[in-house]
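This is the structure I have questions about; it appears just below.
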Amino acid sequence: MGSFKGHALPGSFFLIAGLWWAGKYSLWYATLRNKSLGSTSTRLASRSTQRRLEVIEGSVTLFFSVVGMLAEQFVADGPRLHLYDYSEHHWDRLHNWQHSTMYLFFGLAGAMSLIVHTTDAAPLALDRLMLAIAFFIEGFLFLYHLHGRAMLDVHVHQLLLFCVFGEAMVSFLEVFHRGNMLLELLRASLTILQGSWFWQIGFVLYSPSGAEWDQKDHNNMMFITMCYCWHLVFSLLIVSVLYCTIIWSLWCTMRQGYPYRPSPL
Amino acid sequence: MGSFKGHALPGSFFLIAGLWWAGKYSLWYATLRNKSLGSTSTRLASRSTQRRLEVIEGSVTLFFSVVGMLAEQFVADGPRLHLYDYSEHHWDRLHNWQHSTMYLFFGLAGAMSLIVHTTDAAPLALDRLMLAIAFFIEGFLFLYHLHGRAMLDVHVHQLLLFCVFGEAMVSFLEVFHRGNMLLELLRASLTILQGSWFWQIGFVLYSPSGAEWDQKDHNNMMFITMCYCWHLVFSLLIVSVLYCTIIWSLWCTMRQGYPYRPSPL
Amino acid sequence: MGSFKGHALPGSFFLIAGLWWAGKYSLWYATLRNKSLGSTSTRLASRSTQRRLEVIEGSVTLFFSVVGMLAEQFVADGPRLHLYDYSEHHWDRLHNWQHSTMYLFFGLAGAMSLIVHTTDAAPLALDRLMLAIAFFIEGFLFLYHLHGRAMLDVHVHQLLLFCVFGEAMVSFLEVFHRGNMLLELLRASLTILQGSWFWQIGFVLYSPSGAEWDQKDHNNMMFITMCYCWHLVFSLLIVSVLYCTIIWSLWCTMRQGYPYRPSPL
Amino acid sequence: MGSFKGHALPGSFFLIAGLWWAGKYSLWYATLRNKSLGSTSTRLASRSTQRRLEVIEGSVTLFFSVVGMLAEQFVADGPRLHLYDYSEHHWDRLHNWQHSTMYLFFGLAGAMSLIVHTTDAAPLALDRLMLAIAFFIEGFLFLYHLHGRAMLDVHVHQLLLFCVFGEAMVSFLEVFHRGNMLLELLRASLTILQGSWFWQIGFVLYSPSGAEWDQKDHNNMMFITMCYCWHLVFSLLIVSVLYCTIIWSLWCTMRQGYPYRPSPL
């Protein structure tokens, strides 16, 4: 991508995805605990509502992945589906093609989620497996993406790999431990971390204010590593706040009907 | 092997093995779900049919492994069981010996599968453990196979290691999660990926059209990495199509007798 | 930190934490086995006592983490919350900031433990997940901390990483295997190892006796590696002795009432 | 050790340990399956017999570990418990000390096995955990043992690490999957592999026939890698033969009383 926008755009997508997941799983966990307590909860927790949310999520993922693939191909300086420049004998805009490939796998994950939640043809866990594969491929392509860049540039992208491969591992664990809320919230946190880190990369490498970072200063690398940890704190806090808000608001909604105390786990 | 044929041959074997596995596990999953529904399904799902299929698979694996070992030894320029050339004091055609060793482990896996499914002497999971060991040894030998080659040559073989070690890991997981259809289909996909990637290696390094790739161009490496992801998409699609076809055709066969709706998982 | 005190202080904290954990889990395991045997045991094993201990542990962790963060910022040559020195255009005392970040994560783990054990808002396993994240971040920051130091300096810190990442892994496993005494005692042992190793690092790099180690002697590295194993033996022995003492003293206390023989597992 | 004997001795120990384990676990599995069938089987399968075997195994391990530690210290050119040579200011015979440390951990594992199987003080799985730690420490010490040696020397020891860390991992898995015969036989196979590989290292580096290997020839490295795989085949075959013999002889013994057909798993 090589521009501020090129990092801010996927960053925003991942931020929204992370917030959405944090909200969705908090809501489900809250309704699951209070299942026996009233009509609001029952309605929210019903399987058909859950299924509808999953279908919406899958459709949106699929839609934006297709849009992303088309955008990468047909923007001003995109390859327009040309892969090889025969006149000059070199590959044509491989970066755009790589980003299209990443979008393709997220699109597949979205499509698989759609299929799994609208039909009974395949086991449910398939959506997590495809998600794990999509994150793995994202990390895999980034891994071989960094040859010959400056030290700081390589470092900020390597840090990104920690959360990308972390998400792949968590999603793969969810194939075997489906419905484990801790894994789901951890995935949400790592996705928010990935999103906010894309923004950070944009600010560090293509600062809109024009200030340039010394790419070879070791102190910059140490600061960036620490900064990554702060982003993680920040994402954990956001998920916690969202979780508490949802638990609390649901509790207030239902208390109106009758006295209620949260039941112990 | 160092020739186009030498990569196309194992590639074809792995392609066929992957397709066979995808078909076999789809069929079992389909019959398992519809067990209570009719004679066709019952007959297909019966344990004796399954056992017979496993025995056939084991025998074929064993047969082709033995053929492969003999072929590696007795082809025109093979070592004919000579390991050390005493006249010139060097090892004799180590590549052929290494390939024989790989075949040997797949042969052991086939033999173990035969034993496990024809007698009651050993626990069932032993066939997956031997398969995991066979894939691990394949990756292990490739790992120390690449010393002193050109950059692109090393890279395409390193990419191969991802799917080989992936298959070893998935097979080892199956020792503990036997019958998990997702792992079985993932193994089938990775095997197809391995097969088609062997063909790709043949085309890149020993192109039959005579065109040569620049082995030191970084763009070629980036393209190859991306190409590997496309092979994965391709193998996932093949497995999906196969799976849907089998589910569908079984459904059509059985619907002739009475109305049928796929049961929810 | 770069001083003897700077390594002895966290070392002491980890030593105390390890001893505390070894004692706590031994006590729980002992009372769990003898649950049916008398009032002492019943009282110790009661859930409210356990909860109170956990709350105390969480509070103490949180308190010392906050104190640590403040100390790192406001000691004589601390950064006093200044992150960037605008006059000289460089980052200000990044080491202190890194240590503050480590304390921050342990503080979060303590706070999460408090929340989990005082309210019913979140699943119990969250305290182990936050502990795993805290240890992971500690190791992660150390990993990128070592650029450009002398060989022996790098080596003693790399050895530290083995037990830090080990603790992260064990804590993460406890999310799925909560209450497995072996994992809990292993975590206690690794924490004692970490604590005593911090002391060892202090003695090697900033010896209070003034003797200096040759940082480039390969024999020193081999000795240090072996020394690390002896620390592990030492920590395993401490945990064993503590465990046996507690089992024994509890047995003596309860035998006063009536004849007792430890029940088989 | 640096001599042929120094590699043949531990090699023989590991070979015997591997054979013992293969025999022990085969016997238990065989008796477990035929439990209901006769007095011979019942007697062999009884818990007290098993416990007695474990106690013997633990005692023997402990005894030979102590002998090994003493031998390393008090052989002709041993350090005799001197760690530092003050006259010449260097560490004294670190290799002997390292080997003593390895024996120490195996001694601990033996002692722990004794404690676990003679008293009820600790959970059973502790013996596997200590075994995993002992193998891990063996690999850990080898890992930092190889600095500055010739290429082939490093390579043969690196290959050793695969089976040592493999055994550590398998033992750790057994903490959670105790009694899984596949893991137990895999551990036996890897131990035999380790034993026979020690002999191979002795023949390659300190050949008793006086022939020297070219330590820098890449073909030698490729042959050695392949040779390692053959050792694995060899150890798998030995374990299989042992297993079949035991199953068969037990079947013959019991058939004398009444007609018998092995029961399906």
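A, B, C and D label the chains in the order they appear, each numbered from 1.
Everything below uses one rule, namely that a contact is a pair of C-beta atoms (placed from the backbone, for glycine too) under 8 Å apart; a residue touches a chain by one contact, two chains touch by 3 or more.
Protein names from UniProt, one per chain: A, B, C, D = Transmembrane protein 45A.
All figures in this text were calculated on a predicted structure; none of them were measured in a lab.
Of all residue numbers used where subunit A meets subunit B, under half belong to both copies. The two sides are thus made of different residues.
Put simply, the C-alpha centre of subunit B and that of subunit C have 46 angstrom between them.
We define each chain's centre as the mean of its Cα atoms; on that basis subunit A and subunit C are separated by 32 Å.
In subunit D, no position touches at least two other chains.
Viewed as a contact network, the protein chains form a single closed ring in which every chain touches exactly two others. Contact between chains, as defined at the top, is found for A-B, A-C, B-D, C-D. Against subunit D, the residues of subunit C that register as touching in their complex are 162, 177, 181-182, 186, 218-223, 225-226, 229-230, 232-233, 236, 243-244, 247, 262-265. In the complex of the two chains, the subunit D residues touching subunit C come out as 90-91, 94, 97-98, 101, 104-105, 108, 119-126, 129, 133, 137, 140-141, 144-145, 147-148, 175-176.
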